[in-house]
Amino acid sequence: MAGTYKLVEIVGTSSESISHAIENAIADAARTLRNLHWFEVVEQRGTIRNGHVLEYQVKLRVGFKLERPAEG
Amino acid sequence: MAGTYKLVEIVGTSSESISHAIENAIADAARTLRNLHWFEVVEQRGTIRNGHVLEYQVKLRVGFKLERPAEG
Amino acid sequence: MAGTYKLVEIVGTSSESISHAIENAIADAARTLRNLHWFEVVEQRGTIRNGHVLEYQVKLRVGFKLERPAEG
Amino acid sequence: MAGTYKLVEIVGTSSESISHAIENAIADAARTLRNLHWFEVVEQRGTIRNGHVLEYQVKLRVGFKLERPAEG
Amino acid sequence: MAGTYKLVEIVGTSSESISHAIENAIADAARTLRNLHWFEVVEQRGTIRNGHVLEYQVKLRVGFKLERPAEG
Amino acid sequence: MAGTYKLVEIVGTSSESISHAIENAIADAARTLRNLHWFEVVEQRGTIRNGHVLEYQVKLRVGFKLERPAEG
Amino acid sequence: MAGTYKLVEIVGTSSESISHAIENAIADAARTLRNLHWFEVVEQRGTIRNGHVLEYQVKLRVGFKLERPAEG
Amino acid sequence: MAGTYKLVEIVGTSSESISHAIENAIADAARTLRNLHWFEVVEQRGTIRNGHVLEYQVKLRVGFKLERPAEG
Amino acid sequence: MAGTYKLVEIVGTSSESISHAIENAIADAARTLRNLHWFEVVEQRGTIRNGHVLEYQVKLRVGFKLERPAEG
Amino acid sequence: MAGTYKLVEIVGTSSESISHAIENAIADAARTLRNLHWFEVVEQRGTIRNGHVLEYQVKLRVGFKLERPAEG
Amino acid sequence: MAGTYKLVEIVGTSSESISHAIENAIADAARTLRNLHWFEVVEQRGTIRNGHVLEYQVKLRVGFKLERPAEG
Amino acid sequence: MAGTYKLVEIVGTSSESISHAIENAIADAARTLRNLHWFEVVEQRGTIRNGHVLEYQVKLRVGFKLERPAEG
């Protein structure tokens, strides 16, 4: 993976599952960041209502390649 | 979230998935604790039998609001 | 759980979910290690392609009982 | 400090400062727990509104002595 | 270990040894909590007087099964 | 808190107090980031001159909601 | 270091050494970020081929001063 | 300690004390691993029955020298 | 900051606030150590009496430059 | 515990037990440091010979009160 | 990286540099393990003699693919 | 390594490399401390100027044997 990479930290949410929260976070990050390459799960938490999980919240770091400005 | 909150640490179990273990833990905690508000995943482990997951065990901290005793 | 146990660290992968990655890792470890007893999740990460999770990667420690050599 | 002690985890809040959040948490815990003895700061966070701190949230562990049931 | 478990954090003390501090903490916790199941050592510290250990202090988490209220 | 959130890491400084360092960091971050939502304290340090604190430095993570590009 | 600072997380790579990976990461970050001030090493890893290090990968946090928008 | 070393992670058990659990783990590991050199305590836990410690469980990493295959 | 630095770990106390505890620790350390340069907060705890903070205790690492012995 | 405290980090050794290693470290530290007050266990490790523990090594932080120079 | 991977923990040594210690560890591990894929640096330490580094010691985790036994 | 050991925490600096920063720290510590025995790397950071590393800063713990005062 030659080159330099940047990581940004995001939190995805889902009322369904941890996996959906991860997928949602990555899909939203991909709207503005190109070349997303890998992710690392940092923290898992959520909110509760009436004795059930209302929302899963997963904190991720996602990495992508820094593009070099066109030279010339 | 004005007020004071208490956290208790619980371990939920499920033979199906991590998400079910979380749901089970919260549902059981809600039998005796009112106003559960949020949870934080602390640890994920489990038992194995015959090369398959027998049981998922998820340690959580769940937070709820301390109710003030009625004044007067 | 009298006796002595050994832990080995493995990484399971799946394109479907974290739970499948755990199941895959344990199934593959069970091909060569007898008596797998428990697992602990150490790290969760994965790869991304086109704004979606390409592969979940879950690092586990799995524990099994050290068998004593037959005496006599 | 002979004897056995118990710790409970609480989160105090204040719109003014970290110190007020600690004081509030301890005062509220003291309504139901006798003999609070010491505290340990576990986490400091808060909410933001309009570019200012709306609320400080401090997670504490507070320790108190387990009273033995009267014997006889 | 099907079911849901709760953990409480306690500190045991002993002038003799770390093991005695653990035993003391568990014995005291067992006065009010039924079905204690396992413990995890969190921290070991102590006090000193005249160049000798005056008291060992061991912080533990002890886990026990949440009993479901009788149904019916 | 449905939606996806981003966290950025900043260090605020103040010659007065930890709380001022937090307030300064958040006020400066709010100049360029809209919708700041919460913060987490990561590290507290500072510089010393002549036996007194010259400057408090507080490292924070601040979270804000990712706005979706207008659709249509 | 009065003012407010931002940190970004980057991963630098080099086939030669850890120090080259750090230098490469900082040089690439400096293409788009002005006033880089300090770095903190977060993680060191790499890839292996044929029993030799193929590539060193060093994760860094780099800090730089937030410039205030010109006033007036 | 020139040369290359390997560490393996084991859990020793004892109904008597933490020290016995460590000794048991090392004695069992020594049945199959030559040249055990040092150990590091990673985790201490155990099981409880009737308000007493039933079994101490100590997780260790033990290091030993990798022997080079005879050359020639 | 060319040269070599030493860090010492101290605990400051104050009945007023965390900031006062930090200031007190640094002022006392400065009585015997010259050239104190920076500090890092390691731990915050305190004692409680009658439901109020009796004393804040802040553990710090403070760094100072090692002076080279006069040569010649 | 009004006043300012200093901590020093030491490693005690014993061929007998962890507790002896702690006691030895504190007794040796007390030869040169007055007013030792408390200790915190940081790390436990040791050396192995012939499948048995040769030496327990316990890393501690020990705290003592900084004495103010006589004034006047 | 579809498939299942195993990690082993090794310590490499070198009198020259950290990089040489990493290279030595990997070269020695590659004598008995096929398909080494990546490494993670866990700990860096060393021994000192006469005020100079005598030996660098680097603890690594190295990962390699578990080969499936030939089927059929 | 029978006996009791003390650790001190130091930060070495170098404009050249991490290894030089370690060597510089140990050489400077050896001016006032006899019998330096081992070191542990705690933290690696540095300063940046003009997109290049200006100075590497490595925090170490160095251990040395406490000498017993001559008896008699």
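Should a chain be cited, it is by its letter among A, B, C, D, E, F, G, H, I, J, K and L, assigned in written order, with residues numbered from 1 in that chain.
By our rule, contacts are C-beta pairs under 8 Å (C-beta built on N, C-alpha and C of every residue); 3 or more make two chains touch, one makes a residue touch a chain.
All of these numbers come straight from a predicted model, not from anything done at the bench.
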Between subunit E and subunit I, the fewest touch steps amount to 2
Both subunit B and subunit J are touched by which chains? E
Selected pair, out of E-H, G-K or A-F, that shares over half of its residue contact pairs with I-J: A-F
Distance between the CA centroids of subunit A and subunit H (whole Å) is 39
Counting in whole Å, what is the centre-to-centre distance of subunit C and subunit H, each centre being its mean C-alpha position? 21
Where the CA atoms of subunit J average out and where those of subunit K average out, how many Å apart are those spots? 33
Could you please state the distance in Å, as a whole number, between where the Cα atoms of subunit A are centred and where those of subunit J are centred? 45
Among subunit L residues, those touching two or more other chains are 8-9, 18, 29, 31, 47
Going by the touch definition at the top, which pairs of chains touch each other? A-B, A-C, A-F, A-G, B-C, B-D, B-E, C-H, C-K, D-E, D-F, D-I, E-H, E-J, F-G, F-I, G-K, G-L, H-J, H-K, I-J, I-L, J-L, K-L
Residue set of subunit I touching subunit L in the complex reads 1-9, 61, 63, 66, 68-69
Contacting residues of subunit K [partner subunit L, same complex]: 17-18, 43-48, 50-53
Give every residue of subunit I touching subunit J within the complex, in rising order. 8-13, 15, 24-25, 28-29, 31-32, 47, 55, 57, 59
Which bits of subunit I are touching subunit F when the two form their complex? 18-19, 22-23, 26-27, 29-30, 36-41, 62
